[in-house]
Amino acid sequence: MTDTRVLTPASESSKACIPEHFRKVRGTTVSLASPLSAEDAQVQSMPDASPTKWHLAHTTWFFEQFVLDKFQPGRQSSHPAFGFLFNSYYKTVGAHQERPHRGLMTRPSLAEVHAYRERVDHDVTDLLERSDSTELQRIEPLVTTGLHHEQQHQELLLTDAKHLLSLNPMRPAYRETGSGSPRSTTASSAHDAQDLPQSWPHSWIDYPGGTHTIGREPDEFAYDHEGPAHERVLRPYRLASSLVTCGDYLRFIEDDGYGRPDLWLSMGWDFRNEHGWEAPLYWFRDDDAWFVYTLDGPRPVDPREPVSHVSYFEADAFARWAGARLPLEDEWEAAARTALDPGGTATHDERDERDEHRLGRFGNANLLETGVLHPRPLELASIDADAPPHQLFGDTWEWTASPYVAYPGYEPPPGPIGEYNGKFMCNQFVLRGGSCATSATHIRASYRNFFPPEVRWQFTGIRLAR
Amino acid sequence: MTDTRVLTPASESSKACIPEHFRKVRGTTVSLASPLSAEDAQVQSMPDASPTKWHLAHTTWFFEQFVLDKFQPGRQSSHPAFGFLFNSYYKTVGAHQERPHRGLMTRPSLAEVHAYRERVDHDVTDLLERSDSTELQRIEPLVTTGLHHEQQHQELLLTDAKHLLSLNPMRPAYRETGSGSPRSTTASSAHDAQDLPQSWPHSWIDYPGGTHTIGREPDEFAYDHEGPAHERVLRPYRLASSLVTCGDYLRFIEDDGYGRPDLWLSMGWDFRNEHGWEAPLYWFRDDDAWFVYTLDGPRPVDPREPVSHVSYFEADAFARWAGARLPLEDEWEAAARTALDPGGTATHDERDERDEHRLGRFGNANLLETGVLHPRPLELASIDADAPPHQLFGDTWEWTASPYVAYPGYEPPPGPIGEYNGKFMCNQFVLRGGSCATSATHIRASYRNFFPPEVRWQFTGIRLAR
Amino acid sequence: MTDTRVLTPASESSKACIPEHFRKVRGTTVSLASPLSAEDAQVQSMPDASPTKWHLAHTTWFFEQFVLDKFQPGRQSSHPAFGFLFNSYYKTVGAHQERPHRGLMTRPSLAEVHAYRERVDHDVTDLLERSDSTELQRIEPLVTTGLHHEQQHQELLLTDAKHLLSLNPMRPAYRETGSGSPRSTTASSAHDAQDLPQSWPHSWIDYPGGTHTIGREPDEFAYDHEGPAHERVLRPYRLASSLVTCGDYLRFIEDDGYGRPDLWLSMGWDFRNEHGWEAPLYWFRDDDAWFVYTLDGPRPVDPREPVSHVSYFEADAFARWAGARLPLEDEWEAAARTALDPGGTATHDERDERDEHRLGRFGNANLLETGVLHPRPLELASIDADAPPHQLFGDTWEWTASPYVAYPGYEPPPGPIGEYNGKFMCNQFVLRGGSCATSATHIRASYRNFFPPEVRWQFTGIRLAR
Amino acid sequence: MTDTRVLTPASESSKACIPEHFRKVRGTTVSLASPLSAEDAQVQSMPDASPTKWHLAHTTWFFEQFVLDKFQPGRQSSHPAFGFLFNSYYKTVGAHQERPHRGLMTRPSLAEVHAYRERVDHDVTDLLERSDSTELQRIEPLVTTGLHHEQQHQELLLTDAKHLLSLNPMRPAYRETGSGSPRSTTASSAHDAQDLPQSWPHSWIDYPGGTHTIGREPDEFAYDHEGPAHERVLRPYRLASSLVTCGDYLRFIEDDGYGRPDLWLSMGWDFRNEHGWEAPLYWFRDDDAWFVYTLDGPRPVDPREPVSHVSYFEADAFARWAGARLPLEDEWEAAARTALDPGGTATHDERDERDEHRLGRFGNANLLETGVLHPRPLELASIDADAPPHQLFGDTWEWTASPYVAYPGYEPPPGPIGEYNGKFMCNQFVLRGGSCATSATHIRASYRNFFPPEVRWQFTGIRLAR
């Protein structure tokens, strides 16, 4: 997902909780950046990624540009170059640093960017606290958008840092170990993988199809492209009860899945050949075993955990190999709504109540809040507590077979924030459900993430459909 | 469209007419190639295009590989290298020449390729005539597919030759003039264009939406991706009564349409900047007037004729500029079905009768058979004869807003011919309706063409929707 | 060599022989092109190469531009676009077609280019025959330059056509066989090569060094960069008595010569890795034997014949592997002068007499006139007839260790012909001695050819020095 | 210059002064890096450049690899990955990080690299102090080489940091101002420049030519490629008495020097067009005035100071425009020897005495020790104190017309250090005389620097010859 989209105003936050939520989300970003040194925070490992420092600054610029400059017109902006340096792609608010060169900006320093954050945080908090309820009604939607924007960048911060550190021959961990990451202790050799039962944790769940409402909830925050809500007629379909595991994927590899053009999209086959793909990103062989680089450093591939860091091309080829297909985004969303509200009868207030701490909505899903920062084997979660399908939220984003297009009747909102929401609707595929790097207060059933089909550095995995 | 797809067996041809149709279609290819010299037929002007000689040989190889090798097992093949040279991308039938190097193959000569065609034509005709009806039932579907495949290559032959000749500083015509091409005689300066009434030939046609059957007719030939036929629920929509004209497009250019990022998809804007697009492909300025290169050589842009050779990116930007959008492929198909059979009551036999000469089905549409080989101003056709929407078939392919994906329940057919039908379902958009280079015996309401959004060398134009 | 350089006026030709020489040289070009079809003559296989048709046209344009336009001002030029199409790089006489796109010009046809040649030939011949001796004195130098220019293009025509045909999977021969090409009949397997005596045909010839005059002869035609003649002090040196053979080179290959970075220039090593070089251009393995593509088609590598189609990088690495080095161009020239005139006493007239048929000067050297068009094993020539060093002229150009720079006091001549002589003096190395595709009336001891160090499609070989 | 070359053992240092010199040179590197933050020290701005942190580590690795590992075999090396990370290109001592990815190594941190330096410095000093004179005789040459190697990297550290900081839109200075950099205070508009006298500070100095000894002094440290010393016969020549100034260069620009292909080498012209060069690197226009980015930040171009950051292509084009040429490296060296020792009679001891503080040898030349870090206008130095030619040493490296080739009889020394000295002798040109970033204890009359002709990020300038 490139990086931001517009909210439609929502009423979920009160004057009391907005400043608190602001502080909490802003603090999470700083906390996620804290294991990274000034050097780590400086470097851009590829054009698709951004430096940690840039994420820290850009999310701050967003509040300065769209909140403070608007509601505190007399306030003196930070360094005049920051608008240029930390704008991502909002062309109507001015020129910006070319994306692939973000890593060249060694000044301002990381410390200066933290000072910039603190100043803006202070001013936004001050603004929120000093505003009356009329003003708040105008400010809050922008702040809420800014916080959702920030949460997207939290995920990118982690995936970008992971990509950078993975390129270091020393394969350093992102953080000190012992921080909650479960580690398997034995290598999964190719041989072991083959010994696994053919379809170990999977079963299929039948959905009857029919007419479903797809898209945003009327009273919740959502990005513009999640609306308008609309009816879709679905044919009966089945979804796998859990994500494709590394063990499943090893069988695909061992069955020459990367060597058979009949399994691949034409463009995927060319891509695979050009880049020499033979396994998911971050997998590497040592002796006869497969290892995987994680945010806690390298370790043997665990056949029980969901496979991650695969492209759409690989997800699609795997599905074809497995005699299945990828789900449509509508199918996924209908299933997710059912899972969250089995009877379909919860009112908004009931949902609110259940979601008081929000995490409740997703059970024990492996989202950012678990701190694991890596997909988790299914049995580590208490399967019994939840009816399948498992892992709908968290662990990995799930590639769908749906190209990213506008919903019927979609209109991008006016003005700079909304100016560019639809402009990425080309050559991308929709992903659903969030990952282990997505916040529970950010994801929802109607959430549409999107990436080009060749992208692998996000936590992207596979759920099969039929 | 890359180049071929599989038929589902159809019964439309009898033993009598198949050989005749075979001779006719094969002869058309030779006829279209005839204005081109051995030099013209040799060169590949870009990786997307192929040399005329290669088209002549590849379509022939198709019959040798999929018909003769199968039904005349003892027959001696042509030169053993031909399978390598003239296979396009059928990986299961062996390795092939890399696409961008097709133009390097100066041997066999054009004359040898014509001899190859004649030998294969003779053998196929012989096979068809010698076969009994049981055999014919197995042969005919492959021959029919081969002929539709050949018709696709006829269109590519023309557009590839046009691209090649356009790069010659002498801007030579593809054929001797006087061959039926209408020419306007005065330049359309920017000033003239602005004098045109704001929306000169356009009006909107309302469609009520509702449930429509989309996809192949049960008894007609169709490619696999046109099926399965299925129901779609459409919201009410409007289609423009005619194609966007060069006059319309000039207003877009003069309104700085190529300079405003807010009108463009992000990827389109990058593409436009990288390639310096400022007008459709084949347009060029001389003094203060716009000219266009056509298969009959250069001439002033005629503001009344449909604009052509625009990418999806340009079509999409134009639509946004015009306050409209591009139609969905379902919307287009529903409208086309209505236009062809207003009451929706025609039986298959009735359609057959009406279509005896096939062109009848499309009225006086500007398809390949008119010989114009360029989009035609609307008033040159007898508008009165036809109710709108005009120009649904012929003139230019119409970009739709629909990414090219599988219909629900689509399964690619087994075997080499069908092996690769779905493998292009990625990063392409659907086009509908055929162009002035498409044969009337090839196009149909359910026909799905597809190209990447940046492609411009086909006869691709714009119909607006709302 | 890029393609042309300026003459300094010379008096070697009389009114009688200039038209005859003109007809002969111009006829040779047509004759060399004659085995090639219109298709063959059309295609440009890489940016460095040009189509045969372009060579035919460009050499003709040279006479039209620099002779006819100057001395027949009223004459009507050929098609006005020809100046653009067939100018190579003379920026002062106007814009020109970009080099990599020469192959896209399918019009004018090959037949039209031949007609263009005939018209210009007629007019030049006419001009030469009608001019009085005063006029001739002004015309002749330009015609002589034009003919030397044409002879350079004859060599390029052959090497460019060879490159093109080599890319065809059918590996067609340039000409019908039986035309004088010696063919070895047995494959030289790696094993055979190792059985050869360690340094089979080689011995070293000692040169005492001392002061030598380097550069052009006072009364002979030469390009500007062959002057001014000047003194050079050479240290004692040795030259190999013959060219490095394919057998020698096979030992280098088998000793992992392509796998040892210590043998290579840094830039050469990078180039070798990027392009996957493992043998000279045109060599390929089949089973366990090495084959080579020649203008007469593929055949086994003959270990006795000089290795050809190696880059400077390979020549330099081979020399290092062999414990030797490449000669300096001064060393080569001093040796060549001694070989041509052992006593150093021949007067110009004596040389003229000896050179009456010119070939005499070079003994039985394997130059263009032998028609072999491939390097020839040493023993096939009558070694006894010649004292060593053998093969100084013909067979292959010999890479020297001398970067291509100006001689002391060099000044490029004024005007368009001379404008660009020095502009290639950067990142190129000098080659000496001519090849099997160089005319005997073109080569001389002072002749300096030059190419970038990575180039391989010329007949370029190796002579060792110490 | 890529980065290191081998010494021939020299006896100039005693046991007493080697450790002191070691500490001093090593300390200079740290001092030069000290204004740069951890962020600044991390980033690689282009493949040709390296991060400051890498320079700090690589120069340290050099001592660990070639001194400590050899003379303290039992010593425990630093982190095993450092050999991989900080080897530049010594292929015989193992694999290494690919050059363009040096900036991706965020770990070890800058602080860890400084600790690495301190440990190695301690160990080398300890080794030097504990060794007896026999051992010292073996150690010293390697240490001396390591220090010269380090001094080359000091210059690269500065030029690489300058390149990086110049890309920041805020154009930050490398160091706090006030550190000795002279600044002109008024902009030099194009108009001002034209008002300068035509050839303001220049005059020509005649050299008679004749036989000169070129190459290393017998008893001084020198890199291998400075030998063997040999005789060269020079024709009479003239050198400009001072470097080409920015004022001179402005006249070249205003005379359309960047727009006239006749002034440029063919390859230079293509390069200029591809990269859009219109002025030296680091020049930029603001309103009507030219500014230049320096290590002290941006300021107006001073027409009196030597032009710098020009490529060989620009230097060559400027010389052609000025009716002059670039000097040969032999001409430069003969002039420099005469300047340093006018009578040619100084003994080695006399030179030693005069050079006690070494700077004495070069008068008040603007080398690294002045701390200016930018070329200096001629009159700021006390011209009177020195006879011309001025600025032979320091200010800017001077492009010569000599391709970088081996001297006659050159043999690269055996072993890893010397393995690669000659491997860069291809497509590079020699520069002479050092720059404002070169240490006085590093430069000498025989010193040969070399870079490809398109390179501009070094302090490279122009001295004319005739």
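Letters A, B, C and D mark the chains in the order given here, with residues in each chain numbered from 1 onward.
By our rule, a residue touches a chain if its C-beta (ideal position, glycine included) is under 8 Å from a C-beta of that chain, and two chains touch if they have at least 3 such contacts.
Everything numeric in this text was worked out from a predicted model, so none of it was measured.
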Between chain B and chain D, the fewest steps along chains that touch one another: 2
Intercentroid distance (Cα basis), chain B paired with chain A, Å: 40
Chain A-chain C separation of Cα centroids, rounded to whole Å: 62
Computed distance of Cα centres, chain C from chain B, in Å: 49
Pairs of chains in contact (touch as defined earlier), listed by label: A-B, A-D, B-C, C-D
Residue numbers on chain D that touch chain C, as the complex places them: 2, 89, 91-92, 231, 233, 235, 261-262, 264-269, 312, 401-403, 405-406, 408-409, 419-420, 422-427, 453
Complex interface listing, chain B residues touching chain C: 37-43, 45, 53, 79, 81, 84-85, 97, 101, 103-107, 109-110, 164-165, 167-170, 172
